[in-house]
Amino acid sequence: MITYLEAIRLAQQKALATDPRVFLYGQDIGTFGGAFKATKNLSTEFPGRVLDSPLSEDAIVGIAIGAAIEGARPIVEMQFADFSTCGLNQIVNHAATLFYRTGTPCPIVVRLPSGGTSGGGPFHSQSLEAVYSHWPGLVVLTPATVEDAYSMLLESVALDDPVVFCEHKFLYYHLKAERLPDEALPIGKARIARPGRDASVVTHGAMLHESLAAAELLAQDGFELEVVDLRSVKPLDTDTVLASVARTGRLLCVSEEWPWGGVAAEVIARVSTEGFGLLDAAPVRINAKDTPVPYHPELWAVHRPTASTIAAAARQLLHI
Amino acid sequence: MITYLEAIRLAQQKALATDPRVFLYGQDIGTFGGAFKATKNLSTEFPGRVLDSPLSEDAIVGIAIGAAIEGARPIVEMQFADFSTCGLNQIVNHAATLFYRTGTPCPIVVRLPSGGTSGGGPFHSQSLEAVYSHWPGLVVLTPATVEDAYSMLLESVALDDPVVFCEHKFLYYHLKAERLPDEALPIGKARIARPGRDASVVTHGAMLHESLAAAELLAQDGFELEVVDLRSVKPLDTDTVLASVARTGRLLCVSEEWPWGGVAAEVIARVSTEGFGLLDAAPVRINAKDTPVPYHPELWAVHRPTASTIAAAARQLLHI
Amino acid sequence: MAKPVAPVSTSDYIKAYRVMLVSRVLEDKLAALYRAGMIKGGVFLGKGQEALSVSVGIQLRRGDLFAPLIRDQAGRLAFGDTVLDTLRTYLGSALGSMRGRDGNIHRGRPRDGYYAMISHLGAMVPAVAGGLLARRLRGESGIVGATCLGDGGTSTGAFHEGLNAAAVDKLPLLVVVANNRYAYSTPNSRQYACADLLDKAAGYGVTGHRADGTDLADCLRTLRTAIHQAREGGGPQLVVADLLRLVGHGEHDDASYVEESLKKSRLGADCLQLAESHLLDQKWASADDLRSWRNEAEREVNAAADRVRREPIPDPAEEDWTALSTATMRENPGTP
Amino acid sequence: MAKPVAPVSTSDYIKAYRVMLVSRVLEDKLAALYRAGMIKGGVFLGKGQEALSVSVGIQLRRGDLFAPLIRDQAGRLAFGDTVLDTLRTYLGSALGSMRGRDGNIHRGRPRDGYYAMISHLGAMVPAVAGGLLARRLRGESGIVGATCLGDGGTSTGAFHEGLNAAAVDKLPLLVVVANNRYAYSTPNSRQYACADLLDKAAGYGVTGHRADGTDLADCLRTLRTAIHQAREGGGPQLVVADLLRLVGHGEHDDASYVEESLKKSRLGADCLQLAESHLLDQKWASADDLRSWRNEAEREVNAAADRVRREPIPDPAEEDWTALSTATMRENPGTP
């Protein structure tokens, strides 16, 4: 069985093996194999192409940008998504503006180990996909399955644009697949993860699994939730979302990041503006609470949406 | 006549004069009086309390945070909002988390000269209110009038929480008022800038004035737009917005920042989720285009919403 | 007119040693609790770095500022943190100073001058500088602010900007760099290219000091001098100490990347054991003293752990779920 | 085994002088156009810094990398930028390399090794380092990358992180600091506390070089040595030059904050005038030569300006309004 984390490692391995332009740069990713072991053995397998960086997020991204200008395909690892704020300036103001300003593409991939885990606390739990989506010029991905972790990372490396790759730490170890895909839905397309007729649950990342669990709960009551996995939050596949809402008439957006301006807000804004007539009821969103992510497992469990709060919201939406 | 910029200067002067805890720190704000002269003469009037910093946004904010912990009330100036990305980590991860984590408030004010001006280009034009609103723990203000620039800055200094004060450079010189207010609407309350019955235009910052101009245009056709000036985008006064939509049944959100997860998206998400039944038609949003802010005046004029594009959107919304 | 620095006395040494000892016993306990699965989150220890850390914390005064970092359990205790609050934080007691909202090394009580680090390395450097600036603006003098970081931390922009800004304002800031040769797994050779981290001092225009991080007497002396010079108006002081951490980066890490030759070198010596030998050699303490001090430390730690385990955990229902102190500024959309 | 550095010849000097001259004439034109209200946006000039800047740009080779900053008009021209494209950018011609999307000092053609600075100071340091790293990984050697910044720029975290990371990988990076005593209005005394910015070199483990920024021969020599050492594998080189900018921060600024004594000091000398005196003293050129070179420069600049003024401006209707190169990744919500 291949874990989500192993899929990320294998995607990097394949990228290194098949594309001589690819190299890896980041803290502790060399011999040590990375804080999460996403680059385990790669420095041995690809000598000189998996480089330990100093503790310098701004320089890490800046170096990736320069390398990309020269034709390389760097994949850089932030040790945690939370530390990417120290490299954010280079991501949003340099990588993201380069093509628009100069016509020179900036094919870098910035890997962000994202999202909450028990005991992670305020600085090892953040979901920053909404932040990076706000600035123009970035592709922001949130793979929710082992297959997507693999295929979307490979596709990211092939893409000429800068990619913020929000891989979810909660899925690293326990999400498993039999085998890796040969073909995959392209970046930018959402996926119906579970078909249903009664309401559309639009979600991404680790919340896909909470949403699927909530759908199971509702199925026991005879209601069928359609679960849409966005996969990519920018670009956001409005068409697939609208088509789902057209089928169900109801929209529940579930996001682990904070509410203000989050993915849920953006999806609701799109559906309300472009598919108002499709909605039979007010859309609903569930996000994490608007505080830093608490450290204590008991608090954390309540801070983020879970199958049961999603199910409760779905019941309300369905007037059950 | 007092300009918007002068109001900001006078608010800082008053804060310095009335509260010994207040001091100012930032690039070129001392003898030089700041890149925009928002601190002109203040270093002479308040010796030792208006300090030139090195070219170090991260340190500027970090120093403000430490000072606030010790009971001071620092106001720091970013030379342009765009450069605040270099101090963003301290703003969102340190200032914004301090109270939640430790119970110690962090009363800093970070002034961001924001928004587009002709010829400003990608790095001197950004509107970052949505970015700072996404992280929990910050109050994010967008004064659109001379009076608000003054009273909201004073109120910011008095507040125990960190404030990101997005003052709009486009308004600095040409927006004028007869006199400064003695009383003001508190932070967190939106204002009906122009009453109307046909549609609610919810906006903030420089877009207030484009929206008011659009309302004039529509008035010539006999339609009355109600223009809501949010004033504060976080907290966001959902009640006032909902009350307006309840009167008009139609919602047009106008924002100068980028669309994805912007203020317009958040307002539409709130109205759709909390006031769905109030809407007689699909809400509409207009934002800047999703590219860096172009440098050339001809491109810039098309990049951001203007009275005429707002009026056009309003006409569509009203099926005129 | 700098006042002379008082020499380190026997009683200073013993006092510092005893804090190191409590710290070591406490950290051993934390490691055991971690292995037993009783800790919420990670455990990051300072084993091997106690001599340096205690020398900072114990020589600061009430009213000074201290922003400890990852490996500063000893310095924290010396500065006034308690065994009880440490355990409360790690074990997730609702009565801990962080109330379950933050954990482990992120604890602090900022209003008491004991700053609560954020994870982003380097970030505390400007924060302590700012605290000192505010105190100066208030007319206070004679206070000092200290923060610690590792060799890795010196590569951050925050360290650079913070130390530079502090130097410009000649603030009484102490930046203590524990050069333990690794940042997580990254060796010095991938972290910096200067011959010595102390070479950075001149580039900021600050005074540099070197300490042997394995030698308590040297750490006490060096830090005493540096703190004194800062207090007397000498501006920022950069202290670089050489040592190894004798544990993994966190308790999940076996530190197998640490080179054997380094472990066997002088740097690999255990500062606590060296201090004990010194105490015995100098006849400042007997073997019995050491044993009874250790017993005392163990009793304190075990008692606190037992007590904490019976304490309530945070109750989500009692949380107000707001990050703002001002009631009128609160809102919580999207969380029905 | 370092090859010896070739001395600066008369013809090198004259070639460099003539680029400085074109740069000066061009900048004077830009200032005049600014005063006439014909420029889109601001104008930021490098008057007084031409000797330093040209010495960088002219001694790099095709295939090298160059990320100029604010005051590098002369270096840009030397590296291959043109009078025409400069004017197109400032005057907002649709035919300029930035197509109206970005302006003035932010222009560049990254694919030609001529990087386009972002405003955020310091940011180009790691970018050039990254370019060099990629070239090395591709197996190329013997190339050099240079970037310039000011005294203010040295206070940024980006400068620190970038130079440190470049030093760790011993990249052939040249960081040229023009210490013109002010960052906008901020004097050195509020910018740093080291005795000399060159004191920073040791802290990064890089070689330091000093240049007299008013003296073309010294700049050419110093930069030649530094570039040579980088090219030969000596790792990053930090060059610090002393000079003043002889204009405001931008053309909106009268620079009244610059101290009179500084203006009158050796630093306040105009490198272009000094170079002219030197040319005459050495009899490398006659007064007639200087006049005809200047006339030539003026003709070129005026002709280009006239041409550009007749060029089309960007047409918003022809813009595709996307920041992404991949068509399938594009979207534009909220812009009906």
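Think of it as A, B, C and D in the order they're written, each chain with its own count starting at 1.
Everything that follows uses one rule, which is that a residue touches a chain if its C-beta (ideal position, glycine included) is under 8 Å from a C-beta of that chain, and two chains touch if they have at least 3 such contacts.
Every value quoted in this text rests on a predicted model; they were computed, and no experiment measured them.
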Shortest path length from chain B to chain C (each step joins two touching chains): 1
Most distant chain from chain A by Cα centroid: D
Between chain A and chain D, centroid-to-centroid distance (C-alpha), Å: 40
Centroid distance [mean C-alpha coordinates] between chain B and chain A, Å: 30
Inter-centroid spacing, chain C versus chain A (mean Cα positions, whole Å): 35
CA centroid of chain C to CA centroid of chain D, Å: 44
For chain C, residues that touch 2 or more chains besides their own: 98, 101-102, 106, 118-120, 155-158, 161, 164-165, 168, 190-192, 322-323, 331, 333-334
Chain A, residues touching no fewer than two other chains: 53-54, 56, 58-59, 82, 85-86, 89, 93, 96-97, 100-101, 122-123, 136-137, 234, 236, 260, 262, 264-266, 269, 273, 284-285, 289-292
Contact graph of the chains (line, ring, star, complete, other): complete
Footprint of chain B on chain D - complex, ascending: 39-42, 92, 98, 100-103, 106, 118-121, 152-153, 155-158, 183-186, 190-192, 257, 313-316, 319, 321-323, 331-336
Chain B residues touching chain C - in the complex, by the definition given at the top: 23, 48-49, 51, 53-54, 56-72, 74, 89-90, 93-94, 96-102, 104-105, 136-137, 139, 159-161, 186-188, 234-236, 238, 266, 269-270, 273
Residue ranges of chain D in contact with chain C within the complex: 155-161, 164-165, 167-168, 170, 189-195, 199-206, 235
Chain A - residues contacting chain B, complex: 82, 85-86, 88-89, 92-93, 96-97, 100-101, 122-123, 130-131, 133-137, 234, 236, 257-258, 260-266, 268-269, 272-277, 279, 281-285, 289-292
Of all residues in chain C, those that touch chain B in their complex: 65, 97-98, 101-102, 106, 108-111, 115-116, 118-120, 123, 125-135, 137-138, 157-158, 161-162, 164-165, 168-169, 322-326, 328-331, 333-334
